[in-house]
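Following are the structures in question.
Both complexes shown next keep subunit A, but they swap its partner, so subunit B is in the first and subunit C is in the second.
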Partner chain A sequence: MLILNNIPALLVAIPLLASAVVSVLPSARIAWGVAFVTTLCCLYMAFELTEIVSASLTLSYAFGGWEPPWGIAFVVDGANVHLVLLVAFISVIATVYALTTLKHEIAVEDLPKAYAVWLLTIASLFGLSMTGDAFNLFVFLEISALSSITLIALGAGQDRRALLAAYNYLIIGAIGATFYVIGVGYLYAATGTLNLLDIIERLNEIGTNQAAVTGLAFMLAGIMVKAGVFPVHIWLPAAYSFAPSAVSSLLSAIATKVAIYYLARLLFGIFIDTTHLIDLFLLFVLMPVSVIAIFYGTIAAIYQIDIKRLFALSSIAQIGYITFAFSINTHSGISAGFIHLINHALIKGALFMAVGIFAIGIGQRATMNSLRGVGRQMPITFTGFVIAGLALIGVPLTAGFISKLYLFKAIFETGNGIYVAVIAVSSALSVLYLWKIFEVMWLQEPLQPLKIEKEPVLACVSLWLLVFTIIIFGIYSAGVSSYGMNAANALIGVR
Partner chain B sequence: MSSLYSVLLNWNYIVVIMLMMAGLYIIISNQNFIKKLVGLSIFQSSVFIFYISLGKVSGGTAPILTGVSDTVYSNPLPHVLILTAIVVGVATNALGLALVVRIHEAFDSIEEKKLLALKIEDGHQENEQKDNKL
Partner chain C sequence: MGNLQLVLAISLFTPLITGLAVLLFNNRKNMRDICGPIGGIITFGSAIAIAMAIIDGQTISINLWQIVPGIGLSFNVTALGALFGIVASGLWILASIYSVGYMRGSKAKNQTRFNFYYAVAIHAAMAISYSGNLLMLFIFYEVLTFSTYPLVTHGQTKDAKDAGRLYMGILVATSLLLFLPALLWVWIISGTLDFTKGGIIPFDFSPSLLPFLLAMFAFGIGKAALMPIHRWLPAAMVAPTPVSALLHAVAVVKAGVFSFLTIVVYIFGIDFLLESGAAVWLVWLTAFTILTSSIIAITKDDLKARLAYSTISQLSYILLGAALATQAAIEGAALHIIMHATAKITLFFCAGAIYVNAHIKKISELDGLGPKMPLVFIAFFVASLSIIGIPPLGGSWSKFMLMVGSVDAGIPIMLLVLGISSLLNIYYLLEPCTRAFFKPSLKEIHVDNHILTIFPPVITAILSLLLFFAVDWVRLLTTLMVIP
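Coming up: the complex of A and B.
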């Protein structure tokens, strides 16, 4: 019972404590073992959490017995309970994947410390997805930024440009986080509280207030930097392309998603929109920006030779789909956004994993030139890669199709045909860059024998776990779509 | 006139805005990676001062119980928050400076223009190596 009652706190505390333990362990294998067991514990607790929340709808956890709004509260409701599960699930799989791949990319003596930072990142992502306190969120935001910068910089062993990518992320990320803090200051000045639920109540009492509006604008700007929304995404492609491949798949799968979830919470959950400011923001800022992001990301990916950078750019387009769904500003739009949030996390995680396995196989960076014929040499990985790629396009029987289906449904409800064209054309364009890779990898002759004897078993297992999940979610979509509905219900009320 | 007067009366916020703009300008305009971090520090400090001024109640004293019933206290919460933010700022700066050391080791420069040129060169070299292997 002690564990069940304290799950929200333990989800953050256990990886945090484990990271301190892991950092002093002498052997990389033991360090990995501790990290793996920790993430497994987190996955178990996240499952328990879904059961508790499905019974009681909203779980509010007060730290140290200090009741909110005085103390810090963790709030788990329909909007984030499956996000917590996603973070736990991806972190287990990415940890399994890290065992075979990280040792190729990082010096062996650095590995225990790398796993320590890895656990720190996971702890902060759990915190980000559950906290109900605006300032506490800033602290987790910075923990996640600093630890993921360290992980990205670890890619310097392979390519020194990783350092520049990490430095850029540090500067841009710190400006974003500071903008967020300014916003929290304004909201605090207007309402005198930091608890998100309490802020809603106070804002209801005082009505629309210029300080509160300014604060919200600053907070949105800060969170958009972290989420990689189009005009402030510039840190993202370099960071994901030079990071070690396990890190790329962990961060691209869940780090930006957590920020996007919070963006949705700020847009729909906080502000009672009496002057339609949020509606105007969604229509005239977020929607055009998302459309540009979709086309920019997809077209830039078509011309890209480096595969990891290509998928980082396609991430910007996919984040564009999610924010586009939010900007439709209807119940079904928000649920479509949350459905794609989950599905894209699985798809992009799998794609980065596959690219990492290819890179180990050929012993150098994966590019359009170096990957010639690798699909024939590594058929198991290649099959998983193709399925995940098809899911990215949105082919039926994969999770990506479900995303597109709900997105189309949300668009048809608005009755505006132009948006249908946006999604259809951009999906067709994404076929271009994926086909280019498939062709190079399968139809051309292999350049040279592989550097490894056979495909790394554990890495393939973790890739295929994600691929199976993608297929299962493509066929039995009820779970994901009900999560989307629940999230929309929790944010803007039952419709 | 009265609005200008009230702006001047809140001169602490003018200081905050000036520091904030100075910090952002340094980050954007400077080529040197260490100076960029200094700019970031100034930018963050402006927000600290913003919070600290928020918590000040005019005529208020330090929030320690005096025993006198009608004492006016300043709001301690923003000050405590900023204590946390200062720690975060120190960590950010430390990590940034550590990265600058590594960048200097790897590239032998911390000037943005030169690093950009080196970065592009790295990319070209990579492509050429692959072309040679073909």
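Coming up: the complex of A and C.
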């Protein structure tokens, strides 16, 4: 019972403690073992958490017995319970993947420290997805930024450009965090509290307030940097393409997603919008920006030679889909956004994993030239890669189709058919770059004879776990779609 | 699982198993090449059994679970689907025999890969015909596109790759840009995608948007080759002739018109479509396609290119029938699927036989070839007559029904269009035969005799003849489509 009662705290505390332990371990193998067991424990607790929350709808956990609004509270409700599960699930799979891939990319003596930072990142992502306190969120934001910057910089063993990417992320991330904390300051000045639920109540009492509006604007801007929303995404492509492949798949799958979740919470949860400022923001800022992101990301990806950078750019477009769904500003729009949030995490995680396996197989960066004919030599990975790629397009029987379907539904309900064309055209464009990769990998002959290493078993297992999840979510969508519904219910009320 | 469900599963998965068997017997040529005909016979037998059960009034369906509310993973045989299943599987038997002769005769490379994708394409065609809802149909429509890509580019020359790119580009782009959104639109307005006689679109759907929705389907189904999205079909003729024969005369293009006809009958509902008048524009566009592509066909000297444009023209007959949306026209369209398939596969078989045995592709070089390959040219002649629509050949029935349908629909000017089209058909289809039989040969031509390439067209030509007399049996199925 002690465990069950304290799951929200333990989800952060256990990886945090394990991280400290791992950093002093002598052997990489033992370090990985501790990290793996830790993530497994987190997955178990995340499952327990879903059961608890499905029974009681909202779980508020007060740290140290200090009741909110005085103490720090973790809040788990319909909007984030499955996000926590997603973070836990991806952590386990990415950790399994890391065992056989990370040693190719990082010096062996650095591995224990890498796993320590790895766990720190995971702890901070759990914290970000559960905290109900605006300032506490800032703390987790910083932990997550610094730890993921370290992980990205570890890619420097492969390619020195990783350092520049990490540095860019550091600077831009710091600016984003500053914006966020300034916003928190304004909101605190206006309401005298930092607890999000309490802020909502206070704002209800005092009505619209200039300081609160300003604060919210700053917070939104800061979070959008973290979420990789166009045009403040500029740190993202380089960071994901030069990080070690396990790091790319972990971060691309869940790091931005957590920020996007919090963006939705800020947009729909906080303000009782008497002046329709949020409505105006959604309609005149977020929607056009999302449409531009969708086309920019997709078209930039078409002309990209480097595969990891290509998928990083496609992430910009996919994040655009999610924010676009939010900007529709209806119940079905919000749930479509959350559905795509989950599905895209699985798809993009799988794609980065597959690209990482290819890169290890050929012993160099994966590009349109170096991957020629590789598909025939690494059929297991290639098949998984193709399925994940099809899911990215939104082909039926994959999770990506379910996303598209609910997104279409949300658009049709608004009666504004022009946006159907946006989605249809952009997914047809995404066929172009994926088809190009498939063709290069399957049909073209390699420039010089390939010396392919055997496909690492554990990495393939983790890739295929994600691929199976993609297929299962594609043919049986009830779970994901009910999460979307619950999230929208939690944010804007039951419809 | 009932007996009929088992039969349905057999007819769906036999082609797939055949494909795997082909891979398994990679090194044993004879074992590998016998797989196709055996798989064809099993599939055809079960397709016949399914059609019998449908005529008996039974329903055959396999329902797994729902992907999202209103869209399940399900197969459910419609009367039209039963008909198309027979066409695809029956002609597969002959085509697989023929392709053995053709591929060995032309000493093609990678025959195992060829046979594998061939079988997968048939699997997709069977799954299209027995789909229970529009999403399942869409999925296998895409599977068909992707599995035929390696067949189109089989030669691996630059021409083949360019053609393959055009092929994929047009078919995938139209399906993702128009077909898929249209499908989702239907799901959103009607909450289901199940094929239901009488249609599923709610009657209060805005009449001004209905032609628009229909257009998204008509142009989204690129495989139906309605102008102006027909370009992929002539391009795909770089493929080996067995591919052109079975896929680009039968399975692929017929899957296209079949999909559209299914959508008209089971999604829109013919009465609803007829009353709304949403398809009138399509009547005129199909008429335009029929005449224009016939005229282009006349200008082509390459035999396969001429047949390709003839196919585009004939496909629009079926689309015309769907657009007229009267009972007779719909029946005519459905009949034309089987009649045209039988005749056109004969023509392609003949074109391939001429190429493999005499190495001739151009019509202008056919002079005097008739006496050396009499069976092939007689088969060509008979099939041409069927396409022109002369009794006692199968094609005359479908053309007759289409004419009745256009009068019923109050657009009698279509009689003129169909008549002119027949005249053009006479001109461009009979030219190869008259040249072969009545012009003296200019140079000595060596003619091989690959028997496996010669008897399939003879059989399909005889089938065209028999279908004229067996039309009542076929109509047992087609009337089920239109009688409420």
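Just so it is clear, the second predicted complex is superposed on the first by the 487 of 495 C-alpha atoms of A that agree within 3 Å, B and C clash if a C-alpha of one lies under 4 Å from a C-alpha of the other, contacts with A are read in each partner's own complex, and residues count from 1 in each chain.
Simple rule for what comes next: a residue touches a chain if its C-beta (ideal position, glycine included) is under 8 Å from a C-beta of that chain, and two chains touch if they have at least 3 such contacts.
The structure presented is a predicted model; accordingly, all values stated were derived computationally and were not measured.
Looking at the shared chain after the overlay, A:477 reaches subunit C, while subunit B stays out of its contact range. With both structures placed on the common chain, the touch criterion links A:50 to neither subunit B nor subunit C.
By the touch criterion stated above, A:409 is placed in contact with subunit C alone, subunit B being left untouched. Once chain A of one complex is fitted onto chain A of the other, the partner contacts of A:395 are limited to subunit C, with no touch recorded for subunit B. Contacts of A:170 after superposition: subunit B is touched, whereas subunit C is not reached. Between subunit B and subunit C, the partner in contact with more residues of subunit A is B.
Contact residues of subunit A toward subunit C in the complex are 393, 395-397, 402, 404-405, 408-409, 412-413, 420, 423-425, 427-428, 431, 435, 443, 474-478, 481.
Of all the residues in subunit C, the ones that touch subunit A in their complex are 65-68, 73, 135, 138-139, 142, 153, 168, 172-173, 176-178, 180-181, 184-185, 187-189. Subunit B meets subunit A in the complex at residues 24, 27, 33, 36-37, 40, 43-44, 47, 50-51, 54, 77-78, 81, 84-85, 88, 91-92, 95-96, 99-100, 102-103, 106-107, 115, 119, 122, 126-127, 130-131, 133-134. Looking at the complex, you find that subunit A touches subunit B at residues 135, 138-139, 142, 146, 149-150, 153, 156, 159-161, 163-164, 166-167, 170-171, 174-175, 177-178, 181-182, 185, 188-189, 305, 365, 367, 369-370, 447.
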